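Just below sit the structures, each encoded as structure tokens.
Paired with chain B in one complex and with chain C in the other, chain A is shared by the two complexes that follow.
Showing the complex of A and B:
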């Protein structure tokens, strides 16, 4: 999965970058700092082997800026209001989305679990959160199948909602049962401390990311 | 020692069940969160809409996990994922914690298996989402100053100011209560119509 030439960042670094992106979104840094942070994150994404995604993010950012500064002030009022709120939200969430996407693509859930364990998160919370994260793609898959089935049977209107929700809930319930049976067999309830083959270590790249993030956060805090 | 604690509290199966239904709940929640960006009134009614549509996953989770801590864990997971999406404020954290605590309390007092207890818990839990638009009233001046400095359009701010009267504050809190009742009764109907027949509750 990991190409040897790519950078590989520690899940803990990813989480720290997420926290800092959140703080930055909250304090609203000045434009040069915001631009710098986005470029830094895109660079990191590219170095981690997602060059295409990095370019895409930069394009999205450029598009939002264009929309906010050039297109929307000149467009009709009704469209302008709706779109500018959307552009605004997207711009605020963009840095979080970049880090989030990078983690989803490059950090295996197993590593994230070990990372959270080294930070002494309660084991119960780790189990529940990792199941939740793993179940999101499953929901998408399920809804795809259900939609296909609905097309075959020609279901319309309000019935559609019921026909989507009921199978989704039933499959969620049965997945919960099957998954718990498997997890209990594999010793999820074993009270002994868990071990893992994955060994996490923060290397130079991780420290660079963390220090850069802290510098950006401090700079935007001081200038705001 | 810790195995003792495990058997009394949530066990592995409960954790997985809560995890899965939290994912379903979060998807519904997030969809309405995105929808609420369209118009300010949708934002204020958002907690109510979420309550109407999330009744089924919440009550299904409650029937599967009849133990203290399930609702709290669901709230914590939702909060954690919201934190990741960058849409998290201190106020929403506070309302979430209070809502989950009250929900746990009402479940504990009215027995975990009763529909009434779960309904009360669902009302409390739904009220937690009011923390999202609450800053409009709570920190009014700094909130409007902040969103206008973020570049929100003048017309949006004007509409938001116009509709966020004190009476709207009552609507904000009434909507999730009414929504939770509707959501819970939809869920009850669905349970009768489908889930009991399918043998999953």
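Showing the complex of A and C:
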């Protein structure tokens, strides 16, 4: 799942970065700090093996800045007001999006689960999170089949929505039933504390990320 | 040792799913449960792995079941799980993780086993079952056969004394079935007890010690392995069982392209994005009145060919003609229909009749009734499609295709998990469609079906 030559960050580091990005989005740091934070995250993304994505994020950031400083001031008022809110919010949430994507792409589900477990999140919440994440790709697969079937049946317009939802729900019910039967026969209800083959350890890279994040957050808080 | 004593069972509101079953299975024995669909063989497996009564609400159960010395009804499922492992029919719905490594470790992690022990056990599993190709894979990139192999392996890591397999081959191709057979052989060598409920039988020859034949919820007959596999053909068919030997004999191969009446595929190349094409310059004909089987291992492009013929994917090169006329992608979507393996995906209305009207808004009641009658569905005209049985749903999907005037019908694995009688039913419908002048293709691994329903074979 991971390219061997790439940096690999702990899911807990990812979660912390996500929290800090959220805090930063609310504090609204000064421009140099904001720029620094975005560049730091893009660098991290690139080091984790998503070079292309990092470049794309930087382009998006540049584009929003252009929009805010050059294009919108010169456009008609109606468009300017509407778009500036949009641009402003996108810019604020950008760092969260970068960390979010990095985690989705680079953190295996089970590491996330182990991470949450070491932080003593309630088991119920962990199961809910893992089942939800597990189900998204399954829905995508199913939707593909149903779309094909609709094309062959000549179903158009509003009918499509109903035609998609009904089979999806029916398959979800049977999947849920079968999945839980398989789960209980593999001892998911065992009250013994669960163990894991994956052992998570925060390494130098993780600490660097966390310390950098804390520094940025503190600096933004003090300067705002 | 597993003992089932005088057990009668009914799901909620029903009675007589099982009637007075008594069965003792010795340690290390390999037992086949066979019989027609609905005979109760899956229910017997549930008695052993504890899904009955722990996972079945409102059922009625009389009699005693014990597995490995544990009374099943009084033992928690997670305790039972350590001694009885289960593999189910549907490879899609047996996974909780998104990657194969996590899945293999799942059972032991649930038990709270020591991580170092889990690691050694994982190594053993991968070595014993030769699973190197399945390591570190995303579940959604795996074929049905690979998924089923993984499901088997993740039970194997838990090392239960008893393995309960409920129609494990329903979605597998011939290679994967053979491989499963080898794995069962390994289990036997290692002294595990194996209970397998199955329709496909040929791969179990030489593996099973005993065969138990169920009929209407009762144990009707019991055989030793050798007796069972030497049952005369007529008796086997009378019992409604699938073939005991792999089907042999071959059909003529598909006609070359260029037919004037029917489907002619000329130099077809298909692929995704910038990747290598899935198949290249494929040419063949399928004439009206004949049924063409499309075979080949998983991954050779059967699905891609089907989707391309139905106009769901674009071809890179080549032409598809119907009755000599060139059909582009959009035209093919209108002229072709695919009966999918999971037919639940293609029924959309809230009644059988509604399904017909959806297929052809201008269709008169009389015409719809005619077609429904042809497929034995007229009695169910007001029922909800999802309340039909699997076979009825399949026939309803075919009926909609007939109503919308589709010329080319493609069946994708129409007999996975079907018993002899249902396979023959599907086969007779396919024959009927061909006789009425439609072009019929069957994409399948099922050699037995090919031999009774097809005229020619296209090996991809």
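Just so it is clear, the second predicted complex is superposed on the first by the 212 of 224 C-alpha atoms of A that agree within 3 Å, B and C clash if a C-alpha of one lies under 4 Å from a C-alpha of the other, contacts with A are read in each partner's own complex, and residues count from 1 in each chain.
The rule we apply is simple: contacts are C-beta pairs under 8 Å (C-beta built on N, C-alpha and C of every residue); 3 or more make two chains touch, one makes a residue touch a chain.
These figures come from a predicted structure and were not determined experimentally.
Of the two partner chains placed by superposition, only chain B is touched by A:28; chain C is not. After overlaying the two complexes on the shared chain, residue contacts for A:170 are found with chain B and with chain C alike. Residue contacts after overlaying the shared chain place A:183 against chain B and chain C alike. In the superposed pair of complexes, A:52 makes contact with neither chain B nor chain C. In the superposition on chain A, no contact is made by A:105 with either chain B or chain C.
Once the two complexes are overlaid on the shared chain, A:132 sits against chain B while remaining clear of chain C.
Shared interface residues of chain A (contacting chain B in one complex, chain C in the other): 130-131, 133, 138, 162, 166, 170, 174-175, 179-180, 183-184, 188-189, 191. Of all residues in chain A, those touching chain B in their complex are 18, 21-22, 25-26, 28, 68, 77, 80-82, 84-86, 88-89, 92-93, 95-97, 100, 124-125, 127-133, 135-136, 138-139, 162, 165-166, 168-170, 172-177, 179-180, 183-184, 188-189, 191.
Residue ranges of chain A in contact with chain C, taken from their complex: 1, 108-110, 130-131, 133-134, 137-138, 141-142, 145-146, 148-155, 159, 162-163, 166-167, 170-171, 174-175, 178-197, 199.
Taken together, the chain B residues at the contact with chain A in this complex read 1-3, 6, 9-13, 15-24, 26-27, 37-39, 56-57, 60, 64, 73, 76-77, 80-81, 83-89, 146, 149-153, 155-156, 190, 194-195, 198, 200. Within the complex formed with chain A, the residues of chain C that make contact are 49-51, 54-55, 76-78, 80-82, 84-86, 88, 90, 92-99, 101-102, 105-115, 118-119, 122, 136, 138, 140, 151, 154-155, 158, 307, 310-312, 333-334, 336-338, 340, 342, 344-348, 358-359, 386, 400, 404.
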